[in-house]
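Next come two complexes built around subunit A: one with subunit B, the other with subunit C.
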Partner chain A sequence: MRLGRHELTLEPRQALPPGYTVLIAAGAIVVALALSSFLFVSADASVLGAYRSIFAYAFLNPLGLTATLQRAIYLLFCTFAFLVPLRAGLWNIGLPGQVFAGALAAFAVPFALRGGDTQASFASGGLIILMVVAAAAAGAAVGGFAGVLRARFQVNEILVTMMLNSIMFWLVAYMIKEGGPFMSPTGEGESFALPPGLRAPLWRGIPFTALLVVAAAVLLDLLFAKTALGYRIRALGENPAAARYGGIIPVMLSLIVFVLGGAFAGVAGYHAFTAIPGVYKIAGNYGFYGDLAFYGLISALIARGSALGAVPIAVLFAGLSLGARFAQGALHLPFGVDYALLGLLMMTFVGSHVLYTFRFALRRTTAEVLRPVAPELPEA
Partner chain B sequence: MPDAARRVHNLQRVVSAPAAAARGILAARRITKRFPGVLALDRVDLDVAPGEIHAILGQNGAGKTTLMNILFGLVQPDDGALYLGGRQVSFRSPHDALAQGIGMVHQTRRLVSAHTVLENIVLGHPRVRGFLDLRGARSDVQALGTRYGFTVDLGARVWQLPEGERQGVEILKALYRGARILILDEPTSALTPPEVKTLLAGLGALVRDQGVTVLLVTHKLPIVMAASHRVTVLRGGRVAARLRTAEATEEILVKHMVGRDITFRTPERAAAGSPMIQVEHLTAHNDKGQLALRGVSFSLREKEILGIAGVTGNGQDELAQVLAGLRPAVSGRVRFDGRNVTRLSPLERWRMGIGYVPAERAEVASIAAFSLVENTALTYHFDPAFARRGLLDDSGLKGLTRRILTDYNIKAPHEYARAQHLSGGNLQKLILGRVLSRKPRLLIAHLPTQGLDVEATAFVRSALLDAKAAGAAVLLISEDLDEILSLSDWVAPIYEGRFGAVLPREEADAELIGAMMAGLGHREDGER
Partner chain C sequence: MWELLARSLEASTIFLFAALGELVNQRSGVLNVGLEGLMLFGGTAAFITTQATGSYPLGFLAGLAVGGLLGLAHGFFSISLRGDQVVSGMGLWILSFGLTTYLGSPYTGPLGLSRIPAVFGLSPFFLLGVVLVTAVWLVLFRTAPGLAVRSAGENPAAAEASGIPVGGIRYLCVVFGGVLAGLSGATYTLSYNPVWNYNFLMGWGFVSLALVFFSMWNPWILLAGASLFGIMWQLSLSPELVLPGVLSRYVWRMVPFAITIPILTLISTSWFRTRWGLTKPEALGRPYAKG
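Presenting the complex of A and B:
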């Protein structure tokens, strides 16, 4: 593009300057927020007021901040569930199904142990650990199912996981609604409530799953950076033919990444339905959490496979979705402002990725910067 | 075809101006281009006369491709200017270059393989906006093809065509866009010898009968000698020489290209050791499920090189992949060091000391987005010496990579540069160095010098001889008969999945092997 005597060009970038990733991400956020001001203007709301309302609720209000962190933990588990197979070049679109499997397994523990007595009381840390393990195992089993089909029979994992989502959605419906085994005694189309002794321990309103998610982020980044297994997964994802050449066995790895990814989604299910204060049951609108899981997919893609890099992104998504919903009610903004805001953010994040591989360069046009060249061909 | 015709007309008018004719149709003056850390082109002058085949000769990294990219508007020079018909021009994109009648055929094909030839030719043409007039285009392209002597089945899907015809499609596409100056970047690198012949004849006719000007970028001396009128030799980003081809010899060109005399080592016949690999009646399918390897048998001792000579597509891929464990054998047996390894996985073969250098450097043997250290790890991630308790030994791998870079004289910014930034020759040296660093007892080298410049070729060949001297049995699969004859102890011409024979080097003369590569004198199941 020509700008007077200058020229704006996109040039391939050889290496990324340090700190640039953060700078680009921050730029994307600013652009998304600037664009969203059109939303507020069109709704006759004060732009600054809307921003203040969103951010104040999401990050400053103690209640809102707790909710933001709760949701961020959920999104992060979902992020890891997508991220691990992604590093092997596989797409785990089965996040909702694996989340539901985790939730069902978590509730199956008290259900099985008390033999149908819904009000029996428990007070055991061991059982809580059992619930987490059961949730992870169930998510891993559902993910592993797709992994086996992929590894042994080359069945497309995207189709399989999407169909599993549907199956798991209706399985949950069967379990909690109209006479299902997990139905609440009052029969409101939701599961029985978790006995108080089995609710996840909290510290200042934040459940222990926060520790799990941070540990998982650190371990995942170490896995991919330092271990032979992580190396093999990355090699398979970058170039399957080269991986096979190097003695890497794709069958085993496809299974491993889906089992691991499914386990993370299962723990996300545990977190969403047994660890968030005020929930402690599989609610009738459980499908909402299934849809929310896909923000994990987005943040894994934006973080470009980095687990720790996904942490701020998930927190931002969580905060903005909650803050915008709050502002929607408080300022009488039109329905769907929260989704519109997240959508804008996604678009600017994805758009900003071009800057990782290219850079804008403003150059003086050839005629200006060079020694003047003869308009007629000089002798060599 | 009013657009193209008008463009050609304009161009001819410009060219026919007397001053321009004297000074050449396309010229570059003091072209300089810097990339981070590299001076790719340093004050390069170029003069191309109308209606000539002008060869740009140089080793990998000499700046040939950068110069061509500048001529085609893909890259902007930092300094210097381009002249077309004596007048200064600047191309800000290939679009500008095309509008001025300059077309480019890249080294790798840029076609949509699921589309027909005609659709590919029409794709991206400025006249095609929204609606496709395929019938009109068909007759235009057909007329063009007849005029220029390129006959391609316009209805064929591109994936069905052999490489030579795909290239013909790209040439036709450039001509259809109105190109009067054709830039061909390494046009012969993927072609079989008969296809090369066809291509050169076609280019000759284009230039002679149609007045098209051709810029031929290559590092192959025989191509330059056979096809070009004049040659500009680049070395290290500078013009090393400008010559009339008729006044040059291959020796002179090599000297300019490399800056010194090159001598190729020849093998010494050492006392042969014990048998390392025995292959019996091996057969395998290709990717389409057809029997491509049809019963190959041979045995090879340590400190021996078996050269398998053949035109690509006669079962060499399948043979190499079966031996590397990447493709199942349908029948037959492979014994390595006395042990039946026919069904072992690639991993087990690496551990046993079978090293494989595939023909597909960028697609199979390396990972473009990985650093050089990570690429080294590709054949070490399973090695207890570099992976302890599940952790990769990064500093050990870095040291190993650094040693390979030094020993093999590989030009790379540092060990953590991405493999995609390496030139073809440097990448091949890295791959070979990585495989040889495992001290394999059997080395399978498939087209190890394909597309490499003279210096890298000499280096790779020398490394193969060193591996042999160190005790390895080496299987060299190549299309280059000279290479086979100069390195091998045994020679096996392969044709349609079978060996014509396995001959000791002394009995293998070029005519005999060449005839067997073409399927003549083909015996059932060559055995030794």
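Presenting the complex of A and C:
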């Protein structure tokens, strides 16, 4: 674009200045929050009052803060489930399906052990571990299925994971509704309640999955920074052609990232339905947790693939989505402020994405810079 | 039985419109994986407009306009800024998914107008669909502008060298794709199932996207595929018509999605690619930098 004697151009960026990533990430979030003020204005609510109500509930109210941390754990598992394949350049949008698979597998443990007599009492730490492992394995299986197809036949992973989301959504409906195997004995379109002995142990309202998620964040960053496997995944993601030239075989890697990602989503499913106080069942509105998983997708994108960097972002998103629901009730806003915020965050991320790969440059146009030069040498 | 078939063909128009638009923009080299989002937004805009004004034409117009605008946004990001087309498409999908849930929720429920009348027992949109397929085929494969579109998707540098404005053509195609996605969403919310519900599509857009790959970028195969999926979809909604009492209805709902995966796998095998798959636009999904 020409501006007088200058030209404004987009130029590919060679390297990112230090701190720039953090700055853009923060900028994208702030812009999305600013845009969401339109939602409050259109609903005739006080903008400042709405923000105050969201943040005060999510981060200052003790009840709200606990709920924020519980949700942040869920979002972080979802973040990692998306982040690992993303580092290899693959899009795992099958988070909801893998979450549902994890939830079903976790509930299958008490269901199988007591042959369907779901009200029997349990008390065993071993069984809880078994539930986590089962959830991770189920998520990994669903993710791995998409990974195998991608690795072996180059099938588009976005389409396959999306189809798996729909399949798993209806599978859960089959299992918990209309006489399905997991249906609650009272038959209200939800699963049987988890026996109290199998509820995840809590410390001040926070389940033990918090430890798992923090460990996963540290290990993932170490994996990508320090190990050969992490290097291969990154190389594949950043330049598949160069990676192949360098002897990296993409087939196994595509599978590994999807299995690992799926396992994280499976544990997210375990956490959402068996570890949050007050839930302890697959409720009829389980689809909401599937939708919520996409906050994980955005936090992985905004964190630019850094697992530890995603932690504050996921905590913020957890608080925002919870606080938005709270403000919705308190200020009589229309349903779905949390969904709208999800959309706005995605939009500002896409906008900010341009700033990672390009920079705006203002240059004098060449005609002004180079004066006409005489073709002959000047006489001595 | 006739009713079921007519209903199936109406369902298939929703796949058809969206997929036909996507086929055109893929032929020009631009991939839009956010198709479902464009359909959601177009459908919601059409529903709200019709409910507010009581006019079907205004509703359709709103749906087409919103779809076209989102297509334009995708074009700006992927053509002018040369951004990653998957990032932009996914962005449009999640943006639409989130915003329509908020904007549409006060309108949750039935449209409450008399239904759009059928022509000879058939939805008028199916007839429109057949006309559109014919038109797109004629333009793409029998005219000079169609050749320009295809060359922009196969080898943009060569196209540019022969005087074809690649950027402009791609913009036109992406907006056309958006408009048809908007039409598809509007057909859903105004005619096929005039009840607004959050995330009412639940995967129709992604199935449409898969249909474009199945069609090998040929409008006629797309028409056949969309009709087949329309029938399958309708059967999955009311399986009791064919197999009463067999399996839960929830299991049947999985069938169209479950069938999509093996077909996708088949067309991705190297055997299929070498035998049939040469029609894939060579420059699909790759941004083009002039000069």
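In this section, the second predicted complex is superposed on the first by the 291 of 380 C-alpha atoms of A that agree within 3 Å, B and C clash if a C-alpha of one lies under 4 Å from a C-alpha of the other, contacts with A are read in each partner's own complex, and residues count from 1 in each chain.
Definition applied: a contact is a pair of C-beta atoms (placed from the backbone, for glycine too) under 8 Å apart; a residue touches a chain by one contact, two chains touch by 3 or more.
Because the structure is predicted, anything quoted here is derived from the model rather than measured.
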| query | Which partner does A:Leu159 contact after superposing on A: first (subunit B), second (subunit C), both, neither? | reply | second
| message | Between subunit B and subunit C, whom does A:Ala242 touch in the aligned arrangement: first, second, both, or neither? | response | first
| query | With the two structures laid over each other on chain A, which partner does A:Ile298 touch: subunit B (first), subunit C (second), both, or neither? | reply | second
| query | Residues of subunit A touched: more by subunit B or subunit C? | reply | C
| query | First (subunit B), second (subunit C), both or neither: which does A:Ala228 touch? | reply | first
| field | Set intersection of subunit A contacts, subunit C complex versus subunit B complex | value | none
| Parts of subunit A lying in touch with subunit C, wherever the complex brings them together | 10, 39, 91, 93, 149, 153-156, 158-160, 162-167, 169-171, 173-174, 177-180, 291, 294, 297-298, 301, 334-337, 339-344, 346-347, 349-350, 353-354, 357-358
| query | If you look only at subunit A, which of its residues touch subunit B in the complex? | reply | 7, 9, 14-15, 226-229, 231-232, 234-235, 238-239, 241-242, 244-249, 366-367, 370-371, 373-378, 380
| remark: In the complex, subunit B touches subunit A at residues 19, 23-24, 27, 29, 35-36, 45, 47, 76-77, 79-81, 83, 86-88, 90, 92, 324, 326, 345-347, 349-350, 356, 358, 360, 363-370, 374, 377-379, 381-382, 387, 390-392, 394, 421
| note | Per the touch rule above, subunit C residues touching subunit A in the complex are 33, 77, 81-84, 86-88, 90-91, 94-99, 101-103, 105-106, 198-199, 202-203, 206-207, 209-210, 213, 248-251, 253-254, 257-258, 260-261, 264-265, 268-270
